[in-house]
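Two complexes are shown next, each including chain A; its partner changes from chain B in the first to chain C in the second.
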Partner chain A sequence: MTSDPGRNLHYVAKKRRVREDKRFVTGNGKYVQDIVLPDTRHAAVLPSPYPRARILSIDTAAAEALDGVHMVLTGAQLAADCNPIRLGLKLPGIKWYPLAVDMTRYAGEWVAIVVADDAYIAEDALDLIEVDYEPLDAVVDPEVAFAETERFVHPDHGSNVLYHGNFVWGGVDEDFAAADERLDLRVRWGRSATVPIETFGVLAQWNEGTEILDIWASIQMPNFVELMASTLGYPLNSIRLHQDVDVGGSYGVKRGIKQSVLAAYLSRKLRRPVRLIEDRLWNMAGGDAHGPDRIFDTQVAFNKDGVIRSLKIRALDDAGAYPGRAPFQLAKPISALVGPYRINSVQYEAISVATNKTGQVPVRGFGQAPTNYMIEMVVDAVARHLGLDRLEIRRRNLIEAHEFPYKIPPGSEYDSGDYQTVLQKCLDLARYKDLLQRRDRARAEGRLAGIGIVTNLEPGGGNNIFEYLMDPTAEITTFMEGCEVRVDSQGNITGIMGTTTSGQGHETMFATILGEELEFDPDDIRIVHGDSLSSLPTRSPIASRMAIMLGSAAAGAAGRIKDRAMAIAAFNLDLPVAQLEYSAGTVSDRNDPSRKLTWAEICFIAYRAYHKLPEGMEPGFQAQFVFQVPGGGKLPDENNRVGIYPCFSFQAHIPYVEIDPGTGRVTVVDYAIAHDCGTVINPDIVRGMVIGGLAHGIGAALYEKFAYDDEGQFLSATFADYLMPSVHEIPDVKDVEHCTPSPLTSHGQKGSGEGGYLGAPAAIASAVNDALSPLGVTVHELPMRMHKLEALINEANTK
Partner chain B sequence: MKPAKFDYVRAESIDQIVDALDKGDGEAIVLAGGQTLMPMLAMRLARPATVIDINNVTDLSGIGIVGDELVIMACTRQAEALASPLVREHAPLLAEAIALVGHQQTRNRGTVGGSLSHADPASEIPLAALALDASVSLRSVAGTRRVQLADYFLGPMMTARADNEVLVSVHFPIMSGGAGSAFHEVSERRGDFAVVAAAAIIEVDGAGICTAAALAIGGADATPRRIAALEDKLQGAKLDGALIRSVLPEIALAVAPGDDQHAGAAYRLRVATNLAERALLEAFDGARA
Partner chain C sequence: MSKPEINLTINGHERSAAVEPRVSLLDFLREDMALSGTHTGCEHGVCGACSILLDGVPIRACLMLAVQADGCHVTTVEGLCNDDGGPGVLQDAFVEAHGMQCGYCTPGMLISAQALLAENDDPTLEQIKDAIGGNLCRCTGYVQIIESIQLAAARLREARS
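This part shows the complex of A and B:
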């Protein structure tokens, strides 16, 4: 549905101010903490100190007796009144409640919740709750968890394996037999995540009169309201999620289901608004904080010329105690399982195991970042094995521009791309030849210096058909996004979106596309967020999908507005629509431009002059559009082949790093990225996404890890131990855009919210390995902390 | 992350501080810049009965020369000490160390005395002060006493300061104009506590003979450590790079590093040696007769 690529764009792709900036910079954002209701009660949670323990008893009497305390709730009480939270996979032996029931399953799991007049009293009361625990040996190592036959995180499940599947796409055995060589590589992605500035918070208010539960929350989650309803046993139309709450960061992690169930339950019990704002300790240990934690064992078959023929991938993912949607983070990467490379066949064994750690939640890319890291490390290993340049092996394997649309073995069809050109743009931007000289000079001076080269994909658009691959009862073939456009009686335009936004600039994007299509200045278009009872279907801003999905829905709704304006004009000018021309709201006769209806006249007719409306047309001036995922709507074929995501953005990354051999400390000195997400709707937003994503990826590569000791104690509950990069650790990034439009979206746009993060960890790892190459050692585990690198360097030097 | 209840005293003079400490009976704690104490309170890791805020006590702030000592009052902000020409001139090692403490924003609040009172074994100010042979002045209702830093640090976050004492001032012997000094550390990110750090001071005479040497290592033991055996071997020796490298094994004999998730003992020991080498060589390079 791409509009005419030759047409002149007025607002799309133009450097224009991001409209959200004004409210954030001037302190006019509205976060959940800013919403104040009278008589609000404040909640505090009691975390378990043990990773695995039986709860023998909980004595809440002293806490309840404290002045200012209104209620103390335990898991046993709560479980009697609500359903377990629905899991992504159907695992009846696993019952997930917002509070631990009978047993704690990770250090930090919430055991009780207190509601008091203020947060101070609530925390005082926590001190007075007495829990009698019987500590048990925890399941910590994912490989041990997988093999375990007696000690289970969820005894009723009878195993620690949450999912184990094996897929073969194409002639893997034949390709391995025919290949000149093969090698094995183990790579490990550390447990990290996106860590938002704002922890999760929720304010819930049950109204007995309307029988509606109002929720204000720092939320970014599809199906949130459905999960709330199923857990609480409410009809869906009894829950109103206010989506005009600003969300202070998320990139996947702001699920908030257990927190919101608690606040809702307590609000209804107490007949008062209840607020639960996580503090950082609760958030890091027991909130929605931890991302994938994954071991890949990959075999690759290739020819002597560097052509990669086939992959056999085994991915073992540590989902932690409660799986939620964690196993699906193994399934989504199937959408780009062979990366941007022409690989003929692939085998994928995916295993998700439960351990006594904090449950895994979705993180930016939904499993794609670890997968891309693995693919790039494998490509580098092949290059190293063959003595081939890392650049050359990519050039030989990248899918060529003329091959699009390109169907990969698991069934996704890459929509468009020009990978070689983007790679060349990155080389030019990095001044690659000079960079090589710089690296070699540094080496000659005795320093460890390295260049990373990575090419990677960002699937965008979202389409949950990957759930079906893991669970054939999950026949979900749409992942739609709706919006409504209203033109008021004065002619002003308002766009209504149906989801919260967590910093991605959706309002700018939405207004820009409406402005482009209707030929009005986007700054004059108002964008509002409907609540869950009043807005059209949404699946929330996951999966790099909003530009693709909401953007295309906006174009669709704008088209319907234009159609209505044309119809009104045709009727009143007594001309066929085909003879009319729309220009910035005015509809005129192509043959005689003086015969026209202005926007004001059209709006007047729509709202006031029913007698001037075409027969059968409803009065008013509004349009709705619900956009279906392009290429979606189908179940997989008998070989499990299915198109998962519609749009594929591409990047090339070239960082330059130096490592201090005396300390192992890595400095990212320079970073060049060339980025192709099709049509850029707002350049500043895309650039912010790219650079922010890079910073996030540098964190995952070098610093960030939610660590546990051998007994399952959590070691990273504060920012003294969970190390995120600051501005000092992020170099001045050089970036360049390339545009290969998607044929599937309104303006050729693709996703851009995840891309920097999906390549940067691999790029930094590639650079570190290049720096270590004179020593003959490599590292394939993230994060590459300085003490580990120093040990490798020291060992190599003392050999 | 809400503190437990405590009484709050805003002291206006040193006398009021020591009175309040005395009445606190071991349950009172002094609040200076709050860079450590406030998070400890918020996490309820510290639960004092009384918090004595000393930020209004103007007598506790300032930098000056008294006799042959550079004196920094305890509540002097790290940013002020960093910017001080007196500190640069008379204790350049301290200035170099403070530049590595946190970030500009935290240095605007954090104090020199607070750092010494907290006594984190990896923190920069205690390490530099130890290398500089500094001493601290501690005051209680009973009077004032002076304690050499070598006797002051007792263990991780443990010092010789009694519960009823407040750290009033830090006293640095003025460095000889010809001394060279250097501070080297490694931290995961800029502004973090050092994982390991080394502070060195070298003086030489006209013949290149070492007349004074100090090496202090942080992050490799329960407290910052002076490496006396190494210093002894340098003093009186004709210095060059090879000689400096030859004495480095003394470090391993003098420190007992521990393990944590961020670095193991072996790492700390090797890196302490590497950083000490850099610091000593740079200090030697900066020393002039």
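This part shows the complex of A and C:
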């Protein structure tokens, strides 16, 4: 639906200030913790010290007796009054409640909650709760969990396996038989997540008079209100989620469903607003915000010239104790399962297991970052095996610009791209020949130096149809985003969106597209976030989708506003619409521009002069548009082929690293990234997300890990244990954009919120392996922490 | 619990309040003084989201008790604004260079940058990195934050000359 791709753009793609920033720099952001309601009660939670234990008894009497305490709630009490939180897959015997019932299933799981006059008193009361536990042996290792026949995280499920499926797309056996060579590779993606600086928080207020539950929360989640309603047993329209709350970072993980159920339940019980703001320890262990933890065993078939023919992938993912939507993070990467490469067939065995660890939630890319890491490590392994340059093997396998749209074996159609050109831009940006010399000089001086090269995709736009691949009863083919545009009687324009924002600059993006389409300065356009009862359907800012979906919805609504203006003008000027021209709100006769209706006149007619409205036109000046994901709406064919995401952004990454041979410490010295997300709507926003994602990927590659000991005890509850990159760990980043417009969106835009993160871990791993190559060793496990590299280097040196 | 009275200057205004001895300076500023620009991040002194200036020096408000600030001068992010409440030079530079995304770490970043620029309006890249080395940001990868501080420094130098 690209409209006039050649036309001049006034606001789209131009350097413009991000409107959200002013409130953030002046301390006027409105995060959940900043919202104050009179008479609010404060909650604190009691975590389980054991990864797996039977709860024999809980004595809350002393806590309840403390002055200022209003209520102490346990899991058994809560479970009597609410339904389990609905899981993504239908898993018999697994019941997920906001508080542990009868048994704790991971260290840090919340066992009880206290509500008091303030948070200090609530925490005092936690110390007075007596829980009698019977500790049990925990299920910790995912491979053991998979094979386990007696010890189950959920005994009533009768297995630790949450999902086990096998897909074959194309002639895998034939391609393997015909290929010159094959090799096996195991790679492991460590348990990490996005860990926003703001923890999850929620404020709930039940109003007995209106019978409405108001929720303010640090949320980024589709289906939030539906899950709240089904858990609490309320009708959907009794819950009002306020989507104008600023969210202090999310990148996927702000899915505080259990927290919100607790606050809502307690608010109704106590007839007071209840606030639950996670403290950092509760958040890290019990906030259910961990990411994928995945082992890949991949076989690759290829020819002597480096052409890759086929892949057989086995992915085993550790979902932790309560799966939520975790298993689906194995399914979404099917949308780009062969990466940007021309691979003829692919087999995919996906396994999700439960362990006694914190639950997994969606993390930036929804499983794509681990998959991209695996693909790039496989490509590098083939190059190493053949003695072929890593750059050359990519050049031989990348899909060529003339091949788009390009359908991959599992059925997704890559919309557009020019991978070779973007790769070349990255090489130029990195000054690749000089970089090779720099690396070789460093090596000659006895240092371990390496260059990473990866090329990878960012599927954008979303589409839940991957759920159907795992559960054929899930016939969900709608994936939409709505918005409303109102023009008031003065002619001011207001856009209403229906979701929270957690740093992506949606208000700026929305205003920019409305301004572009209606030819008004975006700075004069108001954008508001409607609440869940007053706004149109949203699927929230997941899946790198808002520029694609809200952007296209905005263009659609603006088109309807223009149509209305034209119709009013046509009626009043007594001219056919085809003879009229719209320009910045004024509609004039193409043949005689002096015959016109100004924006003010059109608005006056719309609001005040019914006698001048075309017959049948409703008064007022507003338009709604709900955009369905391009290419969506279909079920898979009999071979499980289906287009999963509509738009595919592409990047090439070239970092340069050095490793201290004494300590194993990796320093990322330089980083070049070339990025193509089609039309960039706001350059500063896109650049920020690309570099921010890249930094996040450096964290996942080198530092970040939710670690557990062999007994299942959680070891990473603080920021001193879970290490995230500071400014000192982030190199000088050089970035360049390339634009291959998508044919599927309003202005050729694609997604850009996840991309940096989807390539950087692989790129850093590629660079580390290059640095280690003189020692003849490789690393295929993230994070590549100092002590592991040090041991590897020492071992290689003593051989 | 008894509530000793404390007297301090916050963003140029003299304030006095009765506060429980165990209340952190962070909670006091946010809950009692209604200055919600200072944010709660890790509550153990690592992330820097709660940074404020105490007598001109950047500190973590989560690691200090409110009673310890008795007699001190406190500056929060709200105190960096112009008299009309609009963004000051440093804040405006962060907007111009989009040195943020979700905005949650931003007040702490601004405080650390303010402390740097008050001493040195021509900092090197390394000096900027050292100044914000104790402030974690999960959105930006820091590049546009560094550019914002460089822009603010250039504008301050321009204004000085």
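Following the convention adopted for this analysis, the second predicted complex is superposed on the first by the 798 of 799 C-alpha atoms of A that agree within 3 Å, B and C clash if a C-alpha of one lies under 4 Å from a C-alpha of the other, contacts with A are read in each partner's own complex, and residues count from 1 in each chain.
What we mean here is this: contacts are C-beta pairs under 8 Å (C-beta built on N, C-alpha and C of every residue); 3 or more make two chains touch, one makes a residue touch a chain.
None of the values given here were measured: they were computed from a predicted structure.
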Which superposed partner A:I197 touches (first chain B, second chain C, both, neither): second
First, second, both or neither for A:R665, with chain B first and chain C second: first
Partner chain(s) touched by A:G503 [first = chain B, second = chain C, both, neither]: second
Contacts of A:K22 with chain B and chain C, given as first, second, both or neither: second
First (chain B), second (chain C), both or neither touched by A:A695: second
Chain C versus chain B, contacts on chain A by residue: C
A:Y31 touches, of chain B and chain C: first, second, both or neither? second
Partner chain in contact with A:R280 - chain B first, chain C second, else both or neither: both
First (chain B), second (chain C), both or neither touched by A:A600: neither
Partner chain(s) touched by A:E790 [first = chain B, second = chain C, both, neither]: first
Contact residues of chain A, present in both the chain B and the chain C interface: 120, 279-280, 718, 720, 726, 728
Residue ranges of chain A touching chain C (in the complex, touch as defined): 17-18, 20-29, 31, 33-34, 36, 120, 194-199, 246-251, 277, 279-280, 502-505, 684-685, 687-689, 691-696, 718-720, 724, 726-728, 730, 733, 756
Chain A-facing residues of chain C, complex: 20, 22-23, 30, 34-44, 46-47, 49, 76-78, 81, 85-87, 91-92, 94-98, 100-107, 110, 129, 132-146
Footprint of chain B on chain A - complex, ascending: 44, 119-120, 122-124, 127, 279-281, 660, 662-665, 703, 707, 709, 715-716, 718, 720-721, 723, 725-726, 728-729, 785-787, 790-791, 794
Sites on chain B touched by chain A in the complex: 1-5, 39, 43-44, 186, 188-193, 195-196, 261-264, 266-267, 270-271, 274-275, 278
